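Before anything else, here's the structure in question.
Labels run A, B, C and D following the written order; every chain starts at residue 1.
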Amino acid sequence: MIWLQLLAQGLVTGCALGVVAISFSLIYATTRIFHVAHAGVYTMGGYVAWSLIQHGVPDPLALILAIAACTAVGALIQHQLYHRLERRRATQLVILIASLGVLAVIQNIIAAVYTPNILQFASAWGGRTLSLGGVLVSYAQLLIVLVSLATYGGLLFFAHRTLLGKRIRAVASNPFLAEITRLQPQDVYVIVIAIASAVVCLPGVLVPFELGLQPYGGVTVLLTATIAMIAGGVGSITGAFVLAVAIAVLQNLSLLVMPGEWSIGVTFFIFVIFMLFRPRGLFAAG
Amino acid sequence: MVRRYWIGVASILAALAGSAVASPSFAADSIQFGAVLPLTGPGGVIGTQEQRGIEFAVDEVNAKGGVDGHQIVVQYEDNQAKPDQSVLSFNKLVDLQHVSVVFTGYSGPTLAMAPLATRKKVLLVNAGAQADKLADASPYLINTLPTIGDEIKVLSKYLASEGKKKAAILFENDAAGISGRDDYLKLIPAAGGEIVAQEPSQFGQTDYRPALLKLAGSNPDVVVLSITAGLLQLAQQYRQLDMKFMVAGTTFMADPPTIADPASKGFIHTQVQIDAPADMAANFKKKYGSDMDFFAKQYYNAATVVLTCLAKVLKEKKEVSGENLRTALFEIRKFQGLIPMEFKTNTAATAIGINMMSDGKDQRIKEISSE
Amino acid sequence: MTPYLEATGINKRFGGLQALRDCSFTVEQGRITCLVGPNGAGKTTIFNVVTGFFRPDSGSVAFRGRKLDGLRPQAIVQAGVARSFQNLRLFDDLTALDNVLVAVARQFAEEPLGAIFRPLRAAGEQRRATERALETLEHVGLAAQARQTVRNLSYGERKLLTVARLLATGAELLLLDEPASGLSAGALDAIMALLRRLQSEGKTLLVVEHNTRVVQKIADQVLFLHQGHLMARGSPAEIIGDPRLAEIYFGGAI
Amino acid sequence: MDFLNSYIVLAEIYVLLALSTNLLVGIVGIFSVSQAAVFGVGAYIVAALLMGDILPFLPAILVAALCCVALNILVTLPSLRVAGDYFVVTSFGIQLLATAVFTNWTEGTGGANGLPGIPPPAILGFEFDSTGQFLLLSSAALAAGCLCFWLIMRAPFGRLLRAIREDEMAVAAAGKNVLRAKVGAAALAGALAGLAGGVYGTFLSFIDPSSFDLDASILMLTMVVVGGARTLTGSILGPFLLLALPQLLTLVEIPSTIAAAMRQLIYGLLLIAFMLFRPQGLAGERL
């Protein structure tokens, strides 16, 4: 029975992680920018929502406003920083370091304003639980799963059915070609990061609803998500999502056979080995 | 290129030397303390509270005109809970500010500074970290609260007496958490109980469900905790999964929001006795907007101890040095800060109580001394 | 007697595309052989196979009777066969001199230990290598640009530099991928003169070339490649004169 | 003046690490963020050898360096197989793996509690005890490290590495063995990191995993970039500056409870500014 409950936990964590992975994959596949600051945007979303709710804004509205805020910040980073850097023909390394700078800025603004203490959402509904065939899940967890699956489906549709989505995939597959066919990659980049920031805000708000807020929390999440992205094959929405869920489920179930100190270590060990033998990921396109 | 490099290094060194000179110089008669605490990073949660505790105590004294006419100034350094930064900060405080007392928290940094404290005869005052290694790390390292070991000995005895024999350990995978776990492993069997399982949680990571579930699998009577943060989340998840076992732990558990939350009903923990008078707690909350939690109280308490020693040293017209302060401390031996303390060794012997959380309050149900 | 360079029955396919189909040819020592054919005929693929950048699916390459199959590119260069790239692949941030020096064969202190523990010897050998590199640059007519970074060189100069880098390897069979493409008339003459000079110094050249004028001027023999298969071989006159090949080559443009 | 001394000692140790990182990231273009892991292994090995009274200081350092050579070659190998972008994450993975081992292998590393009481280094009976004396030792190590780096960069090996960073295929076409060169660079980088680790551990007399985590790796990377990539000068400037920065920022007057966060914030802004307006760092070449 424990394994079933653990499985459920894994699925919840995995879904949230999956959304982060998709959003990062969207950015990385299109812009080739290792957007570490994404972790900052993720964290920021939660805090914005939290303080709005403190000021009596109803939860759903708070979520929407938080999403708006994240979108704006994401677009700003691309337009004001990455775009400039690329105009100066900066290398990956330079952009990565700049991104780390942004991360530090966001995290510490948060830490300065809200103190580094763990904050808990006041809202009571998230804590209520219901039993699905003996497996106990909280409303918040249920919501996370539903929203994540919806997001996953939505992005799939967006990427393959809508014009903008196709345009983005075109730029992703060949920026140079896109350039000469006047698809204006830079505009697309801004849109992509904006969308990704909006998307990552969902878990950014919902997860803290049950796990609380911490200014320096986002990095590990992003890193695990990145691994899911790579292992799943950059650019593959399904790959990122599935791998994220798989990783989370494995980490949870692994507790049955080994002490938890090692679960993270083992995850990365498997990943490193995996990279040696399948450097292009599972669902890699081409 | 080479010229450029020399200019660069020279300017940096100049600037540093500058920082030596420029570092805030105070009225000649003011006395300076130092504090090396984790003010940023995951450790910042506790570090800031510790800082506030010291600040609160010192402001109080300064408002009353200082220690026989001397204003007290505390220089805070951020070590991000890292040993190398701590050593740098320690040397900075001692060389540039000539402090004779350095407050510290966190085992790692404290252990890194201990040898320096011995060599330079600077009083190193710890009121937060409880790792057992701290007990004899340096003659100049003073711990104003008992080690985890002392607390866990008490807790183990209590649990055994309550017939909670089968214990499982949930510990935070960091210095404090692990040394706590090691004590449980040693002391619970010693008290006649047995350890049926143990599971770590990553520091700063607040999803305890997997760990709780796994521990529940070995159906223990009690799960003993060794975690310093995220207790509220743990309590809520414990309720959500509606676990049957009892939850017990040490002073780390005395976290106001958790106590206030109904989810923590029935949690048991040892408590290094420390209570702030209601009005003090109120003023603290007014000043910082957050409750005067355990660490704030501890560092307030530690500050009063140091200030008492300082008063003695000044009264005897002796030079304010770590050495003299240390002698004073052992001459006074018995202190009445927020609680009575006695220094037979470097580690204060204080009262340890057993508390139970219920309907938003933390009630004492038993009291023992830490020796 | 064994042929100088011999490729026999080489097949190479990329996914659906059969790049080389049972392709066999030989190159004679001391001559300039031109490899011509329409785009996608597999000319560059042949270079990649001969110099060990691609493994052929089947078939084999032998140089002076020694099989090159399965050797790594660097080993093949050391065996005496070196190639240039259509898109030059120079080291843009390095000086012309350094570009050549990188290629100078068998240098001391090309690994950390020698560099650290025998610095004097390293420096000495370094001086000698530099002299040789300068001579090479002189030889292709880039002595003046030796200390400039590649970024600041004209396209023509860069093409010459690729040849210099090739020479520095000490290889005797040089595979040149479109050395004359995109050059001004002046630069064109310069490079053709250079190729002739190299031949006169005993180098053997295998050259991919589109410009029929160049082919007529420099080639001793021409290999005509079509759809990954050697379709014809002969003197420039024969090949270029053949209307059937012209048809294929220019898609009936003439 | 122990404060200045201890600052210089730490800076010198970080110069060795910056050199190690510079060699891989700046010169060869292997984007490694796991140098802290190697650094840590060096520190733990020396600590273990000295505390167990198994070897005297110098041999201990030598052993540590050799182990780190092997280790660094091992962790760099994926870069030969995995494309640049992907290697970053692989490297992240290696770093986190190492941290997990440092934290959890309690028997070997003292776990998260760390190892206190590492004896001060002694050479031929002379103990480097006080910070002042230790400065001599670390300076010697620094000199050795810089000399190696300098010799490498002026030797054909250095040129080969720069060429590899620009175009591996062209290097192979020039008849050079890319693999061997990369392994050579990784080995040297490992030796430097190991040396740094040994000096670091004995200087602090205490080590715990927090000094060898991802942040540390990123700090090294930042030092290289701020100082300037691919130059000795840059790798010396970077550490001295970045270690001084927090100290200098304490001069900025900020309400103490948020001071620390503000300092970190300013630090982040500086990084961004550098990348925007001076990507070649203070004294380096364009990255």
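Heads up, the rule we're going with is that a contact is a pair of C-beta atoms (placed from the backbone, for glycine too) under 8 Å apart; a residue touches a chain by one contact, two chains touch by 3 or more.
The model shown is predicted, which means the values in this text are computed figures rather than measured ones.
Peer 1: Counting C-beta pairs in contact, does B-D beat C-D or the other way around?
Peer 2: Result: the pair with more contacts is B-D.
Peer 1: Taking CA centroids for every chain, report which one is farthest away from chain D.
Peer 2: C
Peer 1: Calculate how many whole Å lie between the centre of chain B and the centre of chain D, each centre taken as the average of the chain's C-alpha atoms.
Peer 2: 32
Peer 1: As a quick test, compute the distance in whole Å between the mean CA positions of chain C and chain D.
Peer 2: 42
Peer 1: If you average the CA atoms of chain A and of chain B, how far apart do the two points sit, in angstrom?
Peer 2: That pair's centroid distance is 35 Å.
Peer 1: Can you check how far apart chain A and chain C are, centre to centre, with Cα atoms defining each centre and the answer in Å?
Peer 2: Using C-alpha averages as centres, the distance is 49 Å.
Peer 1: Mind pulling the chain B residues that touch 2 or more other chains?
Peer 2: 40, 44, 47-48, 173
Peer 1: Multi-chain contacts in chain D: which residues touch at least two other chains?
Peer 2: 103-104, 261, 264
Peer 1: Among line, ring, star, complete and other, which one matches the pattern of chain touches?
Peer 2: Looks like something else, not a line, ring, star or complete graph.
Peer 1: Dump the list of chain pairs that touch, please.
Peer 2: A-B, A-D, B-D, C-D
Peer 1: Mind pulling up the chain B residues that touch chain A in the complex?
Peer 2: 40-42, 44-45, 47-48, 173, 198-202, 204-207, 209-211, 213-214, 216-217, 229-230, 232-233, 236-237, 239-242, 257, 263, 290
Peer 1: In the complex, go through chain A and note every residue touching chain B.
Peer 2: 2, 5-6, 9-10, 13, 108, 111, 115-118, 120, 127, 129, 136, 138, 210-212, 214, 216-217, 220, 251-252, 255-256, 259-261, 264
Peer 1: Can you tell me which positions in chain B touch chain D when the two form their complex?
Peer 2: 1-2, 4-5, 8-9, 12-13, 15-17, 19-20, 22-23, 39-40, 44, 47-48, 51-52, 55, 76-78, 81-85, 87-88, 91-92, 94-96, 107-108, 111-112, 114-115, 119, 131, 133, 137, 173-175, 177-179, 288
Peer 1: Please name which positions on chain A make contact with chain D in the complex.
Peer 2: Listed in rising order, the residues are 28, 32, 34, 81, 84-85, 88, 90-98, 100-105, 107-109, 111-112, 116, 219, 223, 226-227, 230, 234, 261-262, 264-265, 268-269, 271-272, 275-276, 279.
Peer 1: Mind pulling up the chain D residues that touch chain C in the complex?
Peer 2: Per the stated touch rule, the residues are 148, 151-152, 154-160, 162-163, 166-167, 169-178, 180-181, 184-185, 187-188, 285.
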